[in-house]
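Listed below are the structures to be examined.
Heads up, the next two complexes both have chain A, just with different partners, chain B and then chain C.
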Partner chain A sequence: MKLDRGILMDPRTKLLILITVTTFALGGAGGEATAKMVPVLCMVPFVLLLTAKRFKTALIGIILFAGSSLLLSSANAHNMGGFLYYMILGCCGLLGRFLPCIMMGRYLMESTTVSEFTAAMKKIHVSDNIIIPLSVMFRFFPTVMDEADSIGSAMKMRGISFGGKHSSKMIEYRLVPLMTCCVNIGEELSAAALTRGLGGKVKRTNICKVGFHFQDYIAIAICIVPWILLIMDVVK
Partner chain B sequence: MIKFENVSFNYSKSDDRSVKNINLEIKEGEAVLLCGESGCGKTTLVRMINGLIPHFYEGEMKGQVLVDEMNITSEELYETARKVGSVFQNPRSQFFCVDSTSELAFGPENMGLPEENIKARIERTVESMNIRKLMDRSIFDMSGGEKQKIACASVDTLDPEVCVLDEPSSNLSLEAIDDLKETLKRWKKAGRTIVVAEHRLYWLKDICDRVICLNKGEVVFDMPMKEFRLLREDDHRKYGLRSIEENLSMMPVKEKISFANNIVLENFAYSYKKYDALNIDRLEIPQNEVIAIVGPNGAGKSTFSKCICGLMKGFKGYALIDGKRCRKKELLKKSYMVMQDVNHQLFCETVMEEVTLGMDEENEERVLKVLDELGLSSFAQRHPMSLSGGQKQRVAVASAILSDKDIILFDEPTSGLDFYNMEKVADLIRLLRGSKTVFVVTHDPDLVRRCATMVLSLENGVIANKYTYGEKRENGRKEEKCYTAAV
Partner chain C sequence: MDGIMTQNSQKEKLSGKDLINIGIYAAIYLVIMTAVSMLGFIPIMMPMLAVLCPLVGGITMMLFFTKVKKFGMITIITVIIGAFLWVTGMGYWPFIFGIICGVLADLVARSGNYTSKKKAVLSHGIMSITIFGCFLPLYLDINGYFATRTSFGSEYIEALTKIFQPWTAPVIFGCSFVFGILGALLGQHFLKKHFEKAGIV
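The block that comes next holds the complex of A and B.
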C-alpha cells in the first residue's frame, strides 16, 4: 500500500494554512472585516482531508462543524437566553472554532513526510536545532499512539476502567507505563540515529524535492485574503 | 580490521554486564558470531564496535577499539558511522523516518552526499536486496520482518566496511530469518566484515566462520565455526547457548489430552478495511492444555490473539466454554494476554499491589501461595519495573492467575532469550497446564517442543494445520521448509 497523501502540497503552504485558520477561525482576528472569509477558511481542511481519501474523518468533521454552526445560528435567531443558550454557545462555539484547526493539524501531520518537512524548513532557513526535534516529533507521535493502545488493552484485561474499582487511578495507570516505554524507545531511537551519522559537522543533504505548484498558489491566495483584510482594518 | 586492545568496561548505572580484558582481532571479510547467555557482554562488545560505548552509553572504559586503524573510542560517532553500520534487536525503534524511502536516504543524507549519489545508492540497495515493493510505504504498517529488512537496507545504503548486528532475529519469524540470512550472505560476498551477536545460532552456521563465546564479560572460547559445530550439546548448554543444529520441528510434547470438555470457537472471523485477517468458522480446542499458535508474519496470529482476549473492536464471534456462550465482553473477563513487551501491563508500585489489583476479594494466603509457586515471594515488596524481563513476565502471569482468568495467552514470550531463560519460560507454561487453557503465540520451535501439547498453524487467516504429538507427518523436506510442513 502506497502512502495516500492526496494533493501534493508544499509543507510551507500547509503551515501557512494552519496559521491562517488558527488566527482567524480560532483566534477570531479581524472581527467584522474578515467574518465573511472565516467559513471559507474553515472548509479548507475538510476539502484537503477529502483529497487524501480520509472520507470518514472529513465527513464526521463536516457534520459536526455544520451541525454546531446551525444550532448556534438558530439559537441566535430565536433570541434564546438563559442557561441552555450558554450551554449551546459554549459547546458549539468551541467545537466550531477548534474543529477546523484540529483537522488542519491532523492533515498536516498525516500528509507530510519527515523528509519533506525537513526540506521545507531548510528552505526557510530554520536552524537544525529546531528542525531535528520537530522531525523526531513526527516520528514519535505514531509510536506513542501504538504504545498507548497496548496499554489501554492491558488495562481492559485487568478490569481497570471508568466506573470500575480503580477508576481514581486511571490516569496514573495509563501514564506510568507509557512514560517508561517512551523513554526506552527514545533511547533506542537516538542510539540508532547516532550510528547512522546524525549530528555530523557536514551539511546534511536532502533528496526530497519540495516546491510550490499550482495548488499551492491557489491555497496561498485563499490564505492571503483575510490577512489583507486584517491589515486594511488595522490601518484604517 | 577490528581490534580490541585490553578492553574493559563497566556501565556507570549498574554493576553487572561489564566486560573484562578483551583482546581480539577480527580480520577483514571475516564473519564472526558472538554468543553467550543473556548479560554475558556480547551486546557491550557490539556497542564498542559501533562507538555507542563510550559515546552514548556511559561508563568506565579502559583500553581501545580500533576499526581499520581508526580509534573508535576517541573518534566522534558520526565518523564511525561511515565505517560501521548497525542493525539492532528491536525493529520498531531503529527507524528514524516514517516512510521507507526517506529512511534509506537518512544515512547518506547525514553524510552530506550529493543528491544524485544518494539516489543511485538507494537504487542499488533496492535492486540487490529485492525490496522494491517495500519502497514509499509507511514503516508503521510493516511487519517485523519487513521492518528489519528496511533496517538492513538503510545500513546497506551507507556502504560500510563493517556491519554489526545485535540480536537481529529476536523478533522475527522463521521465514523472516531466512530473508535476513540472504542479506548477510550478500554482505559477506561483498567482502564486508560482519559481527553478529545472537541467541539463535542455527541460521548463522553457514554464514559465520568464527565463533566467540563470552561468559560473565570474558571470552571463554574463540574457535572456527567448523570446530564449534563439532561440540556436543552439553558444551552448548554449559554456556547457555542454543543448539547450532537447531531442530526446527514444531512437534508438541507427548501428553494424554482429554477432548471431553472442549472449548469451541465459532465464527472467529475479522477483516480490516482491505483484507480478511482471520477467517475461522469453527475450531475445537481441548480445555486446560497448552496450545501453540505458529505461522508466518501476517498469518493472523495477532488478530486471533486479540479476538480470543476480547480486545478486538467489532468482533462478532464467540467461544463456547463449559457450554456457556462467551462473546467479546465475557472473553475479556475470562482471558489475559501476557504481552511481548511486559512493561505495558505493569501498573503498580509493588509486586504485591500489582498481583492483587484484579482480585475480587483479598485472600492473602492464596496470593502468597501463587507468588511462591512462581518464585516471586522474595520480590513482593519490590517495584515491578526494577525486576528482570523474566521476573516481570512472572508477575504478569501471577496477576492473571489471581484474577481467576481461565485463558492465558502468551505473545512471543521467548523472543530474544537465551537457552536457560527459554527453559524457564517453558517451565512456567508447563506449570499452568491442567488448570488454565494456555495459548502461546511463538516463532520458537524450542519452546513449542518443550511445553505445547497441541499446535495450531495459521496461514492467511485460516487454520492450515492442527496437531498433537505424533499426529504430524514429518515428510522429510529440507530443514528450511520443515516448519511450514503441512499434513
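The block that comes next holds the complex of A and C.
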C-alpha cells in the first residue's frame, strides 16, 4: 500500500515543522515580527502532502483553505453585516486558523511508518514508557476503525443510526460492542507482542534507516527563520 | 500470560503488558474522540466538544481504570492524548495540560489505591480538563494574533473577538471538568450493566 511514498523525510524534521506551524500559524507567536512568515508556513503542509503523493488530501485542504479565505475577504469587501456575517467569520476564521496544522498532522500520520517513528523517537532518547504505548496505538488504530465500521453497519440495520428509529441509543449500542471486541483483540495483540519480546529487558533493534537528508535541511532552514525572528523580536 | 502478570505486579515499574494496555485504550479513546469531533465539525459547534468528548470518553476510561494498578499509567495515557491533539493540529497547549492533568489525576487515583470508585470519577474529571487546552490558543493573545491579519479589515477582528469573549473560557473549563465527572459516572453505569456481565473487567 505504501510502495510509492514520494520524497521521504526524517520523522524528527516532520515533528519540527509541526511544532513550528502550530506555534506560529495557530498560536500566533511573535506578533507582527513573524507575520510575514505565517502565509509561507501555512503553505508548507500542502506542499509536503503533494511531495508525499497525497494528492486528494492536499487538494481538499487547498480548496477548503482558499475557499475560506476567499469567502472572508469577499464578505469584508461587501461590508456585510448581521448574523450571517458572524457565522462566516466564525467558521472561516477557525478553519483558516486550524487547517494548516490539521493538514500537517495528517501528513505526519500518513507518511510515517510505525518502525520509522520508533527509530526516530529512540534517537532523541524518548523513554520506552512512551514509545511502546505509542507504537501499539498506531498499530491498533486501523483495527478499531474497522470494527467500528462493521458495528456501525450492523446497527444501521436495526435502525440505530442518525435519523434512524432509535438514534438515542447510539452511544450505548455502538460503544459497548466496540469496546468489548477491541479489548478482546487487544488481549491477543498484547500476548503476540510479548512473545516477540516487547517489554523485555534487552535492547530492541530496528532496521529502519533514519537520518537527515537534503530535503530535511531545506525544511529545517525554513522552520528556523520564524524562530530567529521571534528571538530577535524578544531581544529587541 | 498470568505468570508474567503476577511476576511483574510485585514491582512498581510498569511492565510490557501495562504499556500495551495503555496503547490499546488510548487507541480506542482517540478513535471515539475523533468520531465525536466529526459530529461537531461545524466550527461554531467546536465548544461543544468540551461537553461531548469527556462524556463519551468516560466509558472507555472507566474500563481502562479497572486495569490500572500502578502509578504512571494514567499519566502516560493523558500525555499521549495530549500529544495526539497536538499532532492533529490543536496547538501545543493540550500537551502541556496533558502532563499537568495527567499527574494530578494519577495522584488522585493513587490516593484511592486505584480501587476507589469515587476517586476514579474525580480523577477522570481532572483528566478531561486536557480538552480545554485545545481552546486556549483562541483566548491567549487574541489581539496579537488578529493584529497580523489587518488585511481583513478591522470589522473582522472586532467580530471574531466578540465571538471568543474571555468569559467563555472559564465556562468551557468548567464544562470539561463537570462533564468529565458525568462521563465517568455513565461509564461506571455501563461497566456494571455490560462489562462485568461479559467478564471483561
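Heads up, the rule we're going with is that the second predicted complex is superposed on the first by the 225 of 236 C-alpha atoms of A that agree within 3 Å, B and C clash if a C-alpha of one lies under 4 Å from a C-alpha of the other, contacts with A are read in each partner's own complex, and residues count from 1 in each chain.
Assume a residue touches a chain if its C-beta (ideal position, glycine included) is under 8 Å from a C-beta of that chain, and two chains touch if they have at least 3 such contacts.
The model shown is predicted, which means the values in this text are computed figures rather than measured ones.
In the overlay built on the shared chain, the residue A:158 is in contact with chain B alone; chain C does not reach it. Applying the stated contact rule after C-alpha superposition, one finds that A:206 touches chain B and leaves chain C untouched.
Residue contacts after overlaying the shared chain place A:67 against neither chain B nor chain C. In the superposition on chain A, A:39 makes contact with neither chain B nor chain C. After overlaying the two complexes on the shared chain, residue contacts for A:19 are found with chain C alone; chain B is out of touch. Of the two partner chains, chain B and chain C are each touched by A:180. If you count the residues of chain A touched by chain B and by chain C, you find the higher number for C.
Contact with chain B, but none with chain C, is seen for A:114 once the two complexes are overlaid on the shared chain.
Contacts of A:198 after superposition on the shared chain: both chain B and chain C are touched.
Shared interface residues of chain A, touching chain B in one complex and chain C in the other, are 136, 139, 143, 172, 176, 180, 184, 189-191, 193-194, 198-200. Of all residues in chain C, only 1, 4, 14-17, 19-28, 30-32, 35, 42-44, 46, 56, 59-60, 63, 72, 76-77, 79-80, 86-92, 137, 140-141, 144-145, 147-148, 152-153, 155-156, 159-160, 162-163, 190, 194-195, 198, 200 touch chain A in the complex they form. Residue ranges on chain A touching chain C, taken from their complex, read 18-19, 22-23, 26-28, 31-32, 35, 38, 72-73, 76, 79, 85-87, 89-91, 93-95, 98-106, 108-109, 128-130, 132-137, 139-141, 143-145, 148, 171-172, 175-176, 178-180, 182-184, 186, 189-191, 193-194, 198-200. Contacts from chain B toward chain A in the complex involve residues 50-52, 55-56, 76-82, 84-86, 88, 90, 92-99, 102, 105-115, 118-119, 122, 136-138, 140-141, 154-155, 158, 274, 306, 309, 311, 332-333, 335-337, 339, 341, 343-347, 357-358, 385, 399, 403.
In the complex of the two chains, the chain A residues touching chain B come out as 1-3, 113-115, 136, 138-139, 142-143, 146-147, 150-151, 153-160, 166, 169, 172-173, 176-177, 180-181, 184-185, 188-208.
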